[in-house]
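Here it is: the structure, laid out below.
Each chain carries a letter (A, B and C) given by its place in the written order, and its residues are counted from 1.
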Amino acid sequence: MPIDRKRINGPEETVPYNLYTKLNTKSLLQEFDELFCDGKRADNRAPLEHRKIFLKTGVVSQAKGSAYIELGKTKVIVSVFDPREIPNRTDYSLKGEIYCEFNCTKRRLHQQDAEEKQYSAIMKQALESTVCRHEFPNFQVDIYALVLHNDGSPLSAAITAAGVALSHAGVPMYDLIVSATLGIQHNVKFLDPSNTEQRLCDVSISSDGKEDSHGIIVISMLHTHEQISQFYQVGNISLEDITESVKVLETACKDIVPLVQKHLVKHILKTIKNNEDYVILVSS
Amino acid sequence: MAGELLICVPGQRLCLCDKVYTSGQGTYERQGYIYSQLAGYVDIVEKDGVKIVEVHTSGEQTVVPAQGDIVTAQVNIITQQYCKCYIKCIGDAVLRRPYRAVLRREDIRATEKDKVEVYKSFRPGDIILARVLPITEAHTYQLSTAENELGVVIAHSEYGHPMVPVSWTQMQCSKTYVKEFRKVAKVVPENINQQRLIKRAELVTE
Amino acid sequence: MAEQYRSLHPIKYYRDYLVHNVRPDGRQFDKFRPVILNVGSIDTADGSAIAKVGRTTIVCGIKAEFCRPKAETPDQGFIVPNLELPPLCSPKFKSGPPSDQAQVLTQIIADIIQHSKCVDPKDLCIFPDKLAWCLFVDFICLDYDGSLVDACIMALMGALRTVTLPSVDYDPSLDNKLVNLEERKHLPIHSTPISATFVIFDDKIILADPTVDEENLCTGIITIVLKGDDLCCIHKPGGSPLTEEELFEYIGKSKKRAPLINNLIEAALENINK
């Protein structure tokens, strides 16, 4: 690998210390049983219970719009910038573009890796359907998402936060967008999975060779028009399970919307009040 | 304005779209209903018996220059054929990110277009008022100052002192009294009272 | 109207305020912005802190990994600081390799760590010439509003104090390592550097703890890093010249602020230990 001269480099070879801990030889099935017993999850949630959501807008002062979201321990920050000219473009496009960048703060290579690129693309697809792109032809709106702490469902968190950040930035949008994630393993559906749950859902763990439904589904919903703007699925899930899961996710999204709306209304009232204070100051 | 405010969020259905109510700024129409595009408050403007439903944001709105807008721009580079500038404000809205624009020689003045010389009209650093021309295939915006009210509003002389207009083609340095050529804008205050208010606001905030 | 003025003639806008001995955000010239420090908020890292200076926000995460010491310094580990200015924090930055500014700031921070000796590289050695810790100290800027070094150093000190390293049984003859995660120890911290940034405006006015606008418009910038009562490092990359008296005045001002930051770090750590 070429030397990166733009950063301070450590020693040539480093090894994470976790590799040398006493090996745990639990099978995935055991891990699963530990994670899910008596109809309760490790963090005491019911299978179809969403984690608590915390939202905050205006966290990045330099950005036009920004939002911070917490889903349990998952923390994502999203900022939106003014439309700018699309670099290296010669043809004319009637519709504006959206540029999304999804980043994890994991210690890894400094370039976006495949997973981050894929998530960026999904985010872009999800948001393209809600932004009125005809309002800014030939321009692109930059949306950057940074995952500060990943404890499962970072993509959903990023999409929901991006929706809030966009409306905070005053970008014209057709609808509010919210997103939710669901994991399936061993006929159990985990809404809003944590990192360990998500990891377990990724692989088949059944011991008797029978293919069980397992996988992850992420959907994004436009609230008023009741449209699914994005659907992403990995793993091996039977059709019945998918139909059921989508229904579960739809209700989950509907439950998130009031929270987002409440937050936006609160934000509007606050800014109006600030403006009013200013007006009073001027006229006094 | 307190109390009666109608707050809305993007995608909220506002009302039926019929002969009385039409969709205006910050809203869109779909299948006979008017929906909001922004998070903000609803404003209904009556015009010729039609009620236009508009939504305004409480904070800054994201806008890009459009044809016909009056913009404030700063001159960056001048050549014999054109001058390049940066659009900094659209109307009253201040942009966070400036947009590139070009003002061609033939769009500087309305009359005697072939006699116009760019360096006698603008200098780098000048603040100008201009109108956005129809957007063409070209990627940058094209501006025009071919109106009396458009042209240079703030300029500094070669020695860096502010200049005041003396005619519609000349400005004079406030310190050295040197006269320089400019395409001067005839600035008409939109609302004199408003300006006074702002003056007072500045005093209060100080 | 004021907004337009600010966008078109930022320097004049500032001068109009400064004539009245106040800054556009309402601060006096030598007033610092409020600071917030939150430690240990990221549990996937070995040590972490979030520091806010006004609106500037820096997240610092420290990750420890094994490595082999250098042949010329067999009894020393490594500290590798890197600052990232992602496009998220300001429209000025693009994604891609670190900008010049990020590189310069990274180097300043590296120098401060080295010269203040807050962490002794010898403490990071597990077995001479065979095994040592390498601390990757990563800073990510979430909101870029000036005085970045101040925020970085504060975040660094908060994060370093929360670092715990697991105990290691090392068998040099077999090159066998066994990590005991249950038994974690704090890293000894030998000093607490504290930095304060000032800008020089129009060659004469001094503003403490500048915002990003002030940094862009100023004619000179100076960062003073103190270690207790001792001077640790001064960074003044050109700009307006300073007289000796002025320099001492700044040092005095930063000295006054140091105990405040110190207390803040202690208070933040106390909260987490409870």
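Basically, a contact is a pair of C-beta atoms (placed from the backbone, for glycine too) under 8 Å apart; a residue touches a chain by one contact, two chains touch by 3 or more.
Owing to the predicted nature of the structure, the values given are computational and were not obtained by experimental measurement.
Colleague: Centre to centre, using CA atoms, which chain is the farthest one from chain A?
Modeller: So the farthest one, by centre of C-alpha atoms, is B.
Colleague: So using the touch definition from the top, which pair is joined by more C-beta contacts, A-B or B-C?
Modeller: A-B
Colleague: What whole-number Å value describes the gap between the mean CA coordinates of chain A and chain C?
Modeller: Centre separation, chain A to chain C: 30 Å.
Colleague: If you average the CA atoms of chain A and of chain B, how many Å lie between those two points?
Modeller: The answer is 37 Å.
Colleague: Which whole number of Å gives the spacing of the CA centres of chain B and chain C?
Modeller: About 42 Å, centre to centre.
Colleague: Out of chain C, which residues touch more than one other chain, so two or more?
Modeller: Correct list: 91.
Colleague: Could you list which residues of chain A touch at least two other chains?
Modeller: 81-82
Colleague: If you look at chain B, which of its residues touch at least two other chains?
Modeller: Answer for chain B, listing residues that touch two or more other chains: 95-97, 198, 201, 205.
Colleague: Mind pulling up the chain B residues that touch chain A in the complex?
Modeller: Contacts found on chain B: 1-2, 5, 7, 9-13, 26, 28, 30, 35, 37-41, 57-62, 64, 95-97, 99-100, 135, 137, 139, 197-198, 200-201, 204-205.
Colleague: Flag every residue of chain A that touches chain B in the complex, lowest number first.
Modeller: Touch residues, chain A against chain B: 64, 81-85, 89-90, 92, 130, 132, 135-139, 141, 167-176, 222-225, 260-261, 264-265, 267-269, 271-272, 275-276, 278, 281-284.
Colleague: Considering only the defined contacts, which chain C positions touch chain A in the complex?
Modeller: Touching chain A: residues 41-44, 55, 57, 59, 61, 63-70, 78, 80-82, 84, 86-91, 95, 97-98, 103, 106-107, 110, 134, 136, 138, 140, 142-145, 166, 168, 177-181, 212 of chain C.
Colleague: Applying the document's contact rule, which stretches of chain C touch chain B when the two form their complex?
Modeller: 1-4, 6-9, 17, 20, 22, 91
Colleague: For the complex, which residues does chain A have touching chain C?
Modeller: 4, 6-11, 13-18, 20-22, 59-63, 73, 77-79, 81-82, 101, 103, 105-107, 110, 112, 142, 144-146, 148-150
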